[in-house]
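So that you can tell them apart, the chains are marked A, B and C in the order they are listed, and the count of residues begins at 1 in each.
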Amino acid sequence: MEKLLVSPSPHLHTKTSTKSLMRDVVIAMMPAVIVSVLFYGWSELLVLGVSVASCVLLEYLITKYLLKKPCTVCDMSAVVTGVLLALNLPATTPWWVVFIGAVVAIGVAKMTFGGLGQNLFNPAIVGRVFLLISFPTYMTDWTRPQGFIGGGIDALSGATPLGAVKEGGIAAIECLDYSDMLFYNIGGSAGELSAIALLIGFAYLLVRRVIKPYITCSIIATVAIFSGIFWAINPAEYTDPVFNILTGGLLLGAIFMATDYVTSPMSNVGGIIFGVGIGIITMLIRYFGAYPEGMSFAILIMNSVVPLINKWCHTKKYGR
Amino acid sequence: MMKTFSIGGIHPSDSKISKDCKIEVLPVPSKVFISVAQHLGAPATPIVKAGDTVKVGQVIAEPAGFISAYVHSSVSGTVKSVGPRKDLAGNNMTHIEIDVEGDEWVEGVDLSDTLITAIPEDNKAILEKIKMCGVVGLGGATFPAHVKLCPPPGKVADCLILNGAECEPYLTSDNRIMIERSKEIVVGAAIMKQVLGGCKTVIGIEENKPEALAAMTAAVAQLQKTAKGYDGISVMTLKKKYPQGGEKQLIDAVMGRQVKSMGLPIDVGAVVQNVATSLAVYEAVQKNIPLITNVMTITGDCLPMEKQHNYKFRIGMPLSYIAEVAGGVPEQAAKIISGGPMMGKAIANMEATTVKGSSSLLYLTAEQTVRGVESACIRCGKCAEACPMGLEPFLLQKYARHNMTDELEENAVQDCIECGCCLYSCPANIPLLDIIRIAKGDVIRIIRTRK
Amino acid sequence: MTQTIIWTIAILTILGALLAVVLYIVAEKFKVEEDPRIDEVEKVLPGANCGGCGQAGCRAFAQFCVESSPNLDKCFCPVGGNDGMQKVAAVLGVEVAVKEPQVAVVRCNGTCENRPRINEYGGYQSCRVKAALYSGDTGCSFGCLGCGDCVAACQFGAISMDPATGLPVVDEEKCTACGACVKACPKAVIELRNKGRRNMRVFVSCVNKDKGAVARKACKAACIGCGKCAKVCPFEAITVENNLAYIDFAKCKLCKKCVAECPTGAIHAVNFPVVKPKPEAVPAAQKPEAAPVAENKPKEE
């Protein structure tokens, strides 16, 4: 002790830091990552590697040479974006498409707004949607590459369940079993593979108090109620609630993307409004829109109203 | 189901390392420096001059306003000087320097250990005694006690809450007095209860102090059985959560009522006093002992067990002297705090002296206390979740940085209790409270000038 | 196809015309009558909106000038200075008294060397936060806290922190004497002083009101309130109050007698022309107070 340290109270601080929160999110995504790598093999590893590496590298280069600000790579938020982007792409995506996705995610959606904390839209989703619109052929190529285990045992080869419904009506998915969706057996983006893996991640995030359950639960509940009503009216035309919850990246979006701190409302009430909005928009796109699945678009649309929600939904104040 | 307050709060490790250390009496040093600003409000006016001889308990400074308090000499001896000296924060404040000679008390003081349970009937006399003995709130704010015990006309106290929560980590002085002086505290509570018109009295203690809970419950039961005037006093176990000891939080926890913004506890019929204040009231009213002593904790993770202490000190003792008696300042200590780690003050000057409200010398290591580098707000909302007043610190700090006083007032910055939960919980190390505290002062000033 | 184009053009034209009429009516109906001179005055103002005049901004100041005309004694725009006020007076057709131009002066010389740090500040880097917490990280509880609130307050980029001394430095060319830094400084270290003849100024670079010994212990360059300067001053420009000397810039005739007298070198004389040191003159080491003079010389043109 040479000189006494003097600072305003409080003198203790939580061990939680931006970095530890981001690390927890990465850990929570690990079950989904492991499942996708096991079933999609080397090509998924390539997508993951390119995505994470380019996100981190881009953030480093942009902060250092363009913004000339202290480097923020250490907070691991770029890693989160990279993993999320990879989980949102088909395992067969060529590396350069992944790289373009990373450029859009980090360069356009994140750093142009001023970096972490300033972006209006979830970077990974912006990257994904950009690719979906720019390279539709790559983005809807659902052929399953050879995995490390269980290659090619797709119950519904060549399409995602929601895509099949869009094309061939509800009859196209009669061969599907819920257990296929719950575990590993449906086509789609890498992260959609297994609902169980995503739910394990969700549980981890809740236990570590990284996120609160309001947004995720309100999305799932809204989708269930919305599709439930339509399904009850006409089960021959509309898909059922469980199917809608388990497919199309809904869980991936509800657990990892809609709950992104920066782009979601701060209050619990705001979170519920946000989740309900996402649920309704998703289902409207699925039932009546041109795209088979609407999670990404729904999140983007609701991201844009978050400032408004934040403005109107405040916390309950003591004594007021 | 244990009660607690309804909004926000955090759960830092309570680190009550010194909870089993019995209260020891600190030897009197050869010289004391007694500050005239030992309480909230106007500093007292010194009434002694250099060369005067004083006895222990003699008034040496008089209140200089309605919210002010008497200051008494804590030693007997000769006044050497009255003049500026640097206080805890390094600012000049008038101190009375006394050379100690012997230990001679003023007349009429009862220094025996006998418990006096019979409560005097004359409330006016009681209040006068509390005032004359310079009793102030010892929970941290050091608000003159007699002012709090006289509700403004038209307001009636429904409930006297005795604050034994001691929610600040590390501090154990309240815990010790509740164990060792439980009966005196209950008598003090009964006195205050009578002054307030015989309202119900609840002693709120957090669950992490089982010994104190047991001792206080037993003391209440015994006094209710053997003496008059102790009905309606009860002990309540509270769930451990910081800042339970905050006045507004304690009222919410115990009574389920919330004080309005800019309001006083008495508006909802509550009066909150710390257990240490209750003990001071007992000593003042039953024993005629003015408030010149209090208990402080010497603790820290870097101190070995044998150097952890709970000391009964007298006001005016230099902190460096106390640290020396307690075994020296540990090498690893980077910051020394007077008070708890959440709301206490970092000591800039160890030559400063103890005051009535001193509650600890807490040694924190650099690892524990150095703040991380500030990074961008990730809008996680953890500060808003932690805020016990339901404020949105992330928003307030943004407005404060741009001096947007209207928005600050709209978002209730004036309700901030400076508990530090926001800064504690921020993962991006944003100096939320540092900024909000200044803005709060500005906004309150604006509100006052408007009235 | 052609029809579509014609229809489109027609509809848009009609719509445009209709809206124009609506806009015209609204503008006429809700027109606010304002003294046209306010606009004219505003035009000749610098437009910095700094608030140095005491008004909310340049437009508010223009209004204030028009309202208080013909007596502009209370109106002064420090940014525009006397020239600016002459222009305002010309617009309003009145006379205005010439004011002495001023500049912000930092009255603290508590450099890292003069005033050793005795503790370390670990909170938010803001003078206001620091001042609210405690006396600062040096033994002096009056001087500059060094967190740069004045730098942040200056709209003209005229103040910067000198990393070597830890003290703010005022760029006299850029300083407009708007007073924002004076308001921002919680320790009242910065003062607006008359620029002086050819920018030459003599001032006490200290605000410490502690007793001499205490002040000296905290800072080598502190004013110890010995009063030698006041005795030597032939113009009664120096007063010593609360152990601190103050030079009234209105009375000071720049004789520099006090500078040589000051035992701690707390009195600074800046922007005086260089006197060629003669070989037999007193060695510089014995005259530490000469140092700031030398430092400030390059600034003079």
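To be clear about the criterion, contacts are C-beta pairs under 8 Å (C-beta built on N, C-alpha and C of every residue); 3 or more make two chains touch, one makes a residue touch a chain.
Note that this is a predicted model, so its numbers are computed, not measured.
Engineer: Based on CA centres, what chain would you say lies at the far end from subunit A?
Structural biologist: Taking each chain's C-alpha mean as its centre, the farthest from subunit A is C.
Engineer: For the interfaces A-B and B-C, which has the higher count of C-beta pairs in contact?
Structural biologist: Between B-C and A-B, contacts are more numerous in A-B.
Engineer: Could you name the chain whose CA centroid falls nearest to the centroid of all protein CA atoms?
Structural biologist: The most central chain here turns out to be B.
Engineer: Just curious, how far off is subunit C from subunit A if you go by their C-alpha centres, in Å?
Structural biologist: 53
Engineer: Could you tell me the distance, in whole angstrom, between the mean C-alpha positions of subunit A and subunit B?
Structural biologist: Centres of subunit A and subunit B (C-alpha means) sit 49 Å apart.
Engineer: Find the geometric centre of each of subunit B and subunit C from their Cα atoms only, then give the gap between the two centres in Å, rounded to an integer.
Structural biologist: Roughly 43 Å, centre to centre.
Engineer: Which positions in subunit B touch two or more other chains at once?
Structural biologist: If we look for residues of subunit B contacting two or more partner chains, we find 335, 346, 348, 369-371, 431, 434, 437.
Engineer: Quick check: what residues of subunit C touch more than one other chain, meaning two or more?
Structural biologist: Each of 119, 122-124, 129, 132-134 in subunit C touches at least two other chains.
Engineer: Where in subunit A do residues touch two or more other chains at once?
Structural biologist: Expected reply: 4-8.
Engineer: Inside the complex, what are the residues of subunit C that reach subunit B?
Structural biologist: 119, 122-124, 126, 128-129, 132-136, 139, 141, 210
Engineer: Give the list of subunit B residues in touch with subunit A in this complex.
Structural biologist: Contact set of subunit B toward subunit A: 7, 10, 12, 169, 248, 252, 258-261, 263, 329-337, 341-348, 350, 364, 366, 368-372, 375-382, 384, 387-392, 394, 411-412, 415, 418-421, 423-429, 431, 433-434, 437.
Engineer: Which part of subunit A faces subunit B closely enough to touch in the complex?
Structural biologist: Listed in rising order, the residues are 1, 4-14, 16-18, 20-21, 72, 75, 77, 115-118, 261-262, 266-267, 314-320.
Engineer: Along subunit A, where are the residues that touch subunit C in the complex?
Structural biologist: 3-8
Engineer: Using the touch definition up top, name the residues of subunit C that touch subunit A in the complex.
Structural biologist: Touch residues, subunit C against subunit A: 117-124, 129, 132-134, 137.
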